[in-house]
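In the two complexes that follow, chain A is the common piece, with chain B as its partner first and chain C second.
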Partner chain A sequence: MDLGIFPRVVGAKKFESKKMNDRPLLDIRNLKTYFFLPEGVIKAVDNVSFHVGNREIVGLVGESGCGKSVTALSILGLIQSPPGQIVSGEILFQGQDLCKMSPEQLRKIRGNRIAMIFQEPMISLNPLYSIGDQIVEVYTEHYGLSRQEARKKAKEMLEKVQIPSPARRIYEYPHQLSGGMRQRAMIAMALACKPAMILADEPTTALDVTIQAQILELMVELQKLMGTSILLITHNLGAVAEYAKRVIVMYLGRVVEEAPVIPIFESPLHPYTVGLLNSIPKLGSKAIGGKKRLEEIPGMVPGLNDLPEGCYFHPRCSKGREICKRKEPKLFENQPGHRVACWAVREGW
Partner chain B sequence: MIQFAVRRIILSIPILLIVATLIFFLMRTMPGGPAVAVLGDYATKEAIEALEKQMGLDRPLGVQYADFLGSLVRGDLGKSIINGRPIAPEVGRVLPYTLQLAFSSLLLGIILGIPMGVFTALRRNAFFDYFGRTLSLAGVSIPTFFMGILLMLLFSIQLDLFPVMGAGDSSDLRDTLYHLFLPTLTLGLMMTAYITRTTRSAMLNVLQEEYVRTARAKGLPERIVIYGHALRNAFIPIISFIGVYAIILIGNSILVEIVFSRPGLGKMMIGAIKQRDYITLQSVMVVYASLVVFINLLIDLSYGLIDPRVKYE
Partner chain C sequence: MSEELIFHGEHLLDVQRLKKFFPIKKGVFRRTVGWVQAVDGVSLHVDKGETLGLVGESGCGKSTTGKCILRLLEPTEGDILLEGKNISAINPSEMKQFRRKVQAVFQDPYSSLNPRMSVGNIVGEPFKVHDIHPSSDIRERVADLFKKVGLRPEYMSRYPHEFSGGQRQRIGIARSIALRPDLIIFDEPVSALDVSIQAQVINLLDDLKQEFKLSYLFIAHDLSVVEHVSDRIAVMYLGKIVEVAKDTELYSNPLHPYTRALLSAIPIPEPKQKKKRIILQGEVPSPINPPSGCRFHPRCSEAMKICKHEEPIMSAIDHHHQVSCFLYR
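Coming up: the complex of A and B.
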């Protein structure tokens, strides 16, 4: 299937003609996204930096509410404002800072160069539009195709995500499809313009376990075919282990550890990461850290509006010392490519 | 769709039947019965009995009921007690005036109310929003007859732009519209107020939906996100509320017809009440009820047009 024939928006062409291999596709630097609520400021994303390379799958994990979705929405400029706002930082996509773009420039990138797949296809698809029309829109908007041409493309896309009898499905509405089929349609929509980057925000969480694997397989297959990068946000650490090349662990709006996938699963450094990995069952081997039982991380997650001083994890950390309460540990490179924000690791106690 | 429509139309027949039955028995519960109601409290027993015989009220209730329903099915609304003239042709003569008023007001309410609702929702808590909300609160709270009189004072008496009363020459479109303007404005502003409020809250709800975020994530322009994805979904609650408001509208059209001395069902009904013409009253009520049932039918059918999920339920 030749996707290179699509006419492209002028801006996109400019990005592509530049040499891209020497810098990451997406480079987030010191991103701060806050929500200004009457009760106080919620630092949902607080000084987050990471990058995603070309054709790379990067896993973004962390407990519920740690700012994964807000990170993804910040990239697309979809933070609800008010109350939310990107306070500072840079989001470099193919070398251009998305934060500095005009809303119109950013809109032309959304759904075209960077696409997003949401968690619940049932509520993320418009119930009043046929699956076909929802894909057609993407083509008419970004490629300026006629509805007829766009419809043909949409059909090809449905075929590509392995929806049976696409010629008929194209006229069907979200409520007529099963959960798995809906998510396939969502993927078709996201991949329509052959984006360079996909933000997949828990793409399988709402699906049956058997379907989850199929959807992930499909995404990865298409990712290889199209050369797309994926930021895979998920609670499914198994999926991360299987598909991601690197993993970023977030805790309460901050990145606490970042490493290639093997080191993170074999020798996690941050006590939070250790806890996170101990809280999932591991087949055929002992849980990480040599303990057999599944564990949960003790202690309460502090609220984002009354965060402790110093390391946010210290109230729950068994290794915490005096300095953890006072001073925020910065990320430092422990091994090449393995960065961690922890005093205990840094000081070696 | 057609199947849905047919089923829905068939479904409204029993509703009409129930409503007609309710009206029939309601009329029989008047103190002393219909004959006393016609002749007044001081009528002699003989006079009452004579009238009851003449009106067929001496027959068993079941027979009367069957007779009533039978006539309705044939489109016969009975004869006026006062002048003995058949009621159906009279209803046929005044109904268009009421329909004109009701539909033009509803149309005005939709044309003004929906854009205003969308606009206030988008400018949430800004000046225009407060302004629009205050205005629509006023529109909902001011009684129609009062509003009618205010408009009449302003446009007819002060500015001398529009007539104070009547419906004009029905064969002359300009004259008809000329006379329709103020009554329509009166009811239409009330409808605008209701529909603005409903549209605003429906839009605010819909704009929080995930699929609106998806539409934005696809890079669609705001215009399409708002007027395509969001508004189309907001139409579902808006339409169902319009169904409710249409009933309020019909009730208020009676007052407006009186204020502007327009011919219509309302005027006919008030006339029947004054003259204690219970047959006419009963018939007009049946016609009003049918109108409401008909509006609800239209509302349900329009769901089927915009919401693909409806057909399969």
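Coming up: the complex of A and C.
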């Protein structure tokens, strides 16, 4: 994708010194986010730990309801309370614990250092203001620019995310834009404050494949340019394989496996990850090997208020044994950088 | 491909030059000020025992095509033939026959199941509607159908909201096969399901097709899924079919620049394989004022002068492969 047409590169920010680079940008430790409902406690995020390094793209995958969005909302301090609450754990961002911050401090971090791109851009775009005004506001608020300067910057930003005729679009309201264009406007807004980190929660799921490709390429291009880290939340394993450097797999509120992208796809360890990868039809595989039956993970995802004992995956697992029914397997490092929570892998049966 | 595919001179389903335009009305007098050209001259066929996949991006007219075939929408123009019989000219009793032979399963399993009916009654409803008394008791038949789609017959007295998305989709499928139809039209049957459940439903569809010698028209936007289930695939863009080919042929030898872009846009879950991506410029234009000539020309990197002024027609590259593009005149 050609970004060279823009006269000046905004960003390319050196936000970390060499020394600080040893520390991950985001380090989540033993996070528990629960929802306290009349019918019981929903452990949406249950003892989750992972990190995102500087300039790193990390994929967070798992089926619907496994806690991906709640993880992201916890990082941003946006858990609806009540009924939700971060029960325990730490979310260290650039060394500071976000869980200990005041709402005011969190609000500053959200607008400034961590940006979020949602599946539905209408959540983060204000329908009452033109998209130009919304981006202008980022510049006047965060950088104290005059409106005129801010307007110029906003136009540059819309150009950068390749919104056609930005000079005109700047006056348009979110509802006047197509889905893809709105997503671009949201990315423009997210990047305007030059965040250190972007939480992208299903950023392209609602879009057509050809538009999806445009947006993902754009995000990664801008990520390289600006040195931003991305937590890419999606159930699209193809997108993860292509763009993420490391992958975290969640199942029912827990991390079951974590590894760099190549081992996750080529030598996955957790039976759930293996099942997930085998159950998706792969484009072109028929042309090579003929039609094969898809592998199924038997049964279904249990409800969070109806969880089994021990390993949550054991009722659907072909490798399950007695211990899996009783005792939760903890994550352990099987190979450097490859962690997995499974008795079968741990005990080698 | 199965043996049943021997050509009998007529297709099971034959759609000819189908058009569906929706009026755009404005003002107090609801005057028609324009037309949404949702489906504009679509021809396709499905043979006995075959699965035809229909893919394309949002708004290209896939569902409208399906609904016209099902007669849920009145076509603006064109003919729909089932076993050689034109269904626009049939009498009510023949229409009832048609409704029995052609079934549908839609994307959202929730909204297509009546929430106030037990799922057993939902699956048994077609017998009542068509006044069919199976040799055995309806309840038994429904129990059989439940087993066929992998649901426990004990669940018959429960209501739709008590089931997961994948189970609800199974209920819809059970109902669709109740009267042993010839053709089932699926409109995004697995898009709302989780990946691990998607595989279960896709395998079920394969099994049922074998067992009951069914034919499918499978509408979806996910090309990986469509490729997996289909024998042939039709690619749609802005109301028109731009390419039709055998499943593996479409993947290994895509001809239309749009098909190529579409295929290249799909990320593959193989991290070592870096794809060369054709990034399409711009967005899908509106079907209200579609571009002149070839509807894809404003986004096509290979557009020539003629593409702007003339509309390409479908031409056969070989027996299994047709494309509508001036590059292959």
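Note that the second predicted complex is superposed on the first by the 315 of 349 C-alpha atoms of A that agree within 3 Å, B and C clash if a C-alpha of one lies under 4 Å from a C-alpha of the other, contacts with A are read in each partner's own complex, and residues count from 1 in each chain.
The working rule: a residue touches a chain if its C-beta (ideal position, glycine included) is under 8 Å from a C-beta of that chain, and two chains touch if they have at least 3 such contacts.
Computed from a predicted model, the values in this text were never measured in an experiment.
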item: Fit or clash between chain C and chain B when superposed on chain A; value: fit
item: Which superposed partner A:33 touches (first chain B, second chain C, both, neither); value: neither
item: Contacts of A:107 with chain B and chain C, given as first, second, both or neither; value: first
item: Which of chain B and chain C A:241 touches, first, second, both or neither; value: second
item: Partner, of chain C and chain B, that touches more residues belonging to chain A; value: C
item: Partner chain(s) touched by A:94 [first = chain B, second = chain C, both, neither]; value: neither
item: Which of chain B and chain C A:275 touches, first, second, both or neither; value: second
item: Minimum distance between Cα atoms of chain B and chain C in the superposition (Å); value: 8
item: Contact residues of chain A, present in both the chain B and the chain C interface; value: none
item: In the complex, chain C residues that touch chain A; value: 57-58, 164, 166-167, 194-200, 202-203, 206, 221, 223-225, 227-228, 247-248, 251-252, 261-272, 274-275, 277, 279-280, 282-284
item: Parts of chain B lying in touch with chain A, wherever the complex brings them together; value: 209-211, 213-221, 224, 229, 232-233, 306-309, 312
item: Partner chain C, residues of chain A touching it in the complex; value: 1, 63-64, 164, 178, 180-181, 208-214, 216-217, 235-243, 261-262, 264-266, 275-277, 279-284, 286-287, 291, 293-297, 300-301
item: Chain B partner contacts - residues on chain A that touch it in the complex; value: 76, 78, 107-112, 115-116, 118, 120, 123-130, 137-138, 141-142, 173, 175, 186, 189
